[in-house]
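The two complexes that follow have subunit A in common; it is paired with subunit B in the first and with subunit C in the second.
Right after this comes the complex of A and B.
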């Protein structure tokens, strides 16, 4: 897995800059953000999915192991989300004219991140380990359920300028241009695995600390 | 028939023209300086990956010291 990460990311960062991309007005070279900005959001969604998966497993069978996994996947997922928001803001500055444009997609992804930040606030405010694990697992399910409409549904109902929404260039154009997909898919898989790897390192450290406390 | 042909020709010329006028970083590529940027990004990426690999090794070592049956 680790070698796959290295190979995919090196390929993506080379091909993402060198391969030909469709020439579109307004987007120009920034169309390459698809290779670097979008995988952050896909990665966030992937990691949050793993987080809710272990939250539900904790609720079914309260093992501390599941709680540790759930929180660390949420940690790395949030890091990916923040990077997605920052890269999106930089892109917005040069294509929309301002870092913060108040576009539905931008606002709603910020709200999603705030909901997940509250998850960490909730955890930090509870002393008892079992109580913390159970309450935060329930909250995790709520946070995930709130993210789906916020990111995937509401921006599509309103008029968003984000590529891929409505008539704006996005996947509808890439569908006819598979030249972008041969970089985009490896980018998504590469960052999925990177996020999984980093989360696992954190989980292993947490488990080592558990043994320390127990002994 | 003639009309359709002219229309097709017009559409084709319009799209190719549109593609030529869209501004891209062609000069950067022609000069070859794009490879400098690719090099810089790859160095940073290599640094990040090396960091992750060593961190992974260190944690594995710690796990072995604590009896090895942690994961």
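Right after this comes the complex of A and C.
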């Protein structure tokens, strides 16, 4: 998996910076952010989905392993979210003129990160391991449900300057030039795998520590 | 069903018996409104409707979080054990949600009244506004009851209550503010229909999740 990730991401970075891109008004060269910014959000959502999946598994069958998996996927997902926000801010600096523009998409993604930071605060303030695992699993499910309207419903109700909404030239899969897709799809897969790989490393370290303590 | 009624009645009796709590909440609300009044020096009618709705919802949010927080935080451990033995988890969460809903609604209506007296009342479409208010209170009660149950188990639960609930409530709050804006601008009721339905959907989701997830908290 490591090798696949390395190959994919090296390809994405060279191709993403060198290949030809369609010329669109305002966006110009910044359209290349599609290869680096959008996969971060996809990756975040993918990792949070895994996190909630293991949270539900934990509630149904309380094994410590599920708890470790749930929290580590949330950790890496949050890292992806922060990177997504930062790359988005960088992009906004050059197209909208300011790092922080108060666009609904920016605000709502910041709130999403707040929700997951609250999840970590909750974990930190519970001492009993079993209680921490169960309560944070409950909050994880609840937080994920609260995140869905923030990301998918509310931005569509408000006017936004983000590409893909309100008639702005979009990064929509449908109107993205097919020459971009040959970089975009590998980028998404590459970052998914990267996230999964990092999370798995962390999970294995946690499990080894657990064995260490037990012996 | 009969258990539910008994539990609800128990909440009300307890609440009325400890008058210090309910009057404390009332005073909290009044102080918040008064702080808004003084800091903005609102008598000159300079406040724009947008500021009005921001202030109003902040006051309601803060008092609702504080009110619902006490539904599990601060309960005596003995009382919780007794409840655990006598009633099912589902009945308890439903009775808590209903009770908190009624309390929040009362609080919001009193807050609305206080705002009308001290600040002003720019709302032109009362029906839409009050429907939105009721739905928002239901959403607050449904989410906050569960979160209060989580926070009660942790150290420094009052801080945690705020940290856990604010991001979750923002979705509801955004809808409420949009409805308020429509009601202030006096748009026809059909304009706010989408928002009201969205709010209802969010309420249903958070209510259902509270119902499903509460047994896992309750067991500990």
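Methods note: the second predicted complex is superposed on the first by the 210 of 215 C-alpha atoms of A that agree within 3 Å, B and C clash if a C-alpha of one lies under 4 Å from a C-alpha of the other, contacts with A are read in each partner's own complex, and residues count from 1 in each chain.
Everything below uses one rule, namely that a contact is a pair of C-beta atoms (placed from the backbone, for glycine too) under 8 Å apart; a residue touches a chain by one contact, two chains touch by 3 or more.
All values derive from a computational prediction rather than experimental measurement.
S.K.: Record, for the superposition on subunit A, whether partners subunit B and subunit C clash or fit.
M.R.: fit
S.K.: Let me test your reading of the model: by the given contact rule, A:18 touches which partner, first (subunit B), second (subunit C), both or neither?
M.R.: first
S.K.: Tell me the contact category for A:6 with respect to subunit B and subunit C: first, second, both or neither.
M.R.: The answer is first: A:6 touches subunit B but not subunit C.
S.K.: In the overlay, answer first, second, both or neither for which of subunit B and subunit C A:142 touches.
M.R.: A:142 sits against subunit C, while subunit B stays out of touch.
S.K.: Which one hits more subunit A residues, subunit B or subunit C?
M.R.: C
S.K.: After the superposition on chain A, what is the angle at the C-alpha centre of subunit A formed with the C-alpha centres of subunit B and subunit C, rounded to the nearest 10 degrees?
M.R.: That angle rounds to 150 degrees.
S.K.: By the touch definition at the top of the document, which applies to A:205: first (subunit B), second (subunit C), both, or neither?
M.R.: So A:205 only meets subunit B here.
S.K.: Look at A:111 in the shared chain and tell me whether it touches subunit B only, subunit C only, both, or neither; answer first, second, both or neither.
M.R.: Second partner only, subunit C.
S.K.: Applying the document's definition of touch, where does A:197 land relative to subunit B and subunit C: first, second, both, or neither?
M.R.: first
S.K.: Name the contact category of A:153: first (subunit B only), second (subunit C only), both, or neither.
M.R.: In the superposed model, A:153 contacts subunit C only, not subunit B.
S.K.: Given the touch rule stated above, what does A:122 touch, subunit B (first), subunit C (second), both, or neither?
M.R.: second
S.K.: If we overlay the two complexes on their shared chain A, which of subunit B and subunit C does A:134 touch? Say first, second, both or neither.
M.R.: So A:134 only meets subunit C here.
S.K.: State the minimum pairwise Cα distance, in Å, between subunit B and subunit C in the overlaid complexes.
M.R.: Minimum C-alpha separation, subunit B to subunit C: 28 Å.
S.K.: Once the complexes are superposed, what residues of subunit A are shared between the subunit B interface and the subunit C interface?
M.R.: On subunit A, no residue contacts both subunit B in one structure and subunit C in the other.
S.K.: Which of the residues in subunit A end up touching subunit B in this complex?
M.R.: My answer: residues 2, 5-6, 9-10, 13-14, 17-18, 23-25, 28-29, 197-198, 201, 204-205, 207-208, 211.
S.K.: List the residues on subunit C that touch subunit A in their complex, please.
M.R.: Listed in rising order, the residues are 143, 146-147, 150, 153-156, 160, 163-164, 166-168, 170-171, 174, 178, 194-195, 198, 202, 205-206, 209-210, 213, 216-217, 219-220.
S.K.: Per the contact definition, I'd like the list of subunit A residues that touch subunit C in the complex.
M.R.: 59, 111-112, 114-115, 118, 121-122, 125-127, 130-131, 134-135, 137-139, 141-143, 145-146, 149-150, 153-154, 157
S.K.: Could you please specify the touching residues of subunit B with respect to subunit A in the complex?
M.R.: Subunit B residues touching subunit A: 18-19, 22-25, 34, 37-38, 41-42, 45-46, 49, 52-53, 55-56, 59, 62-63, 66-67, 70-71.
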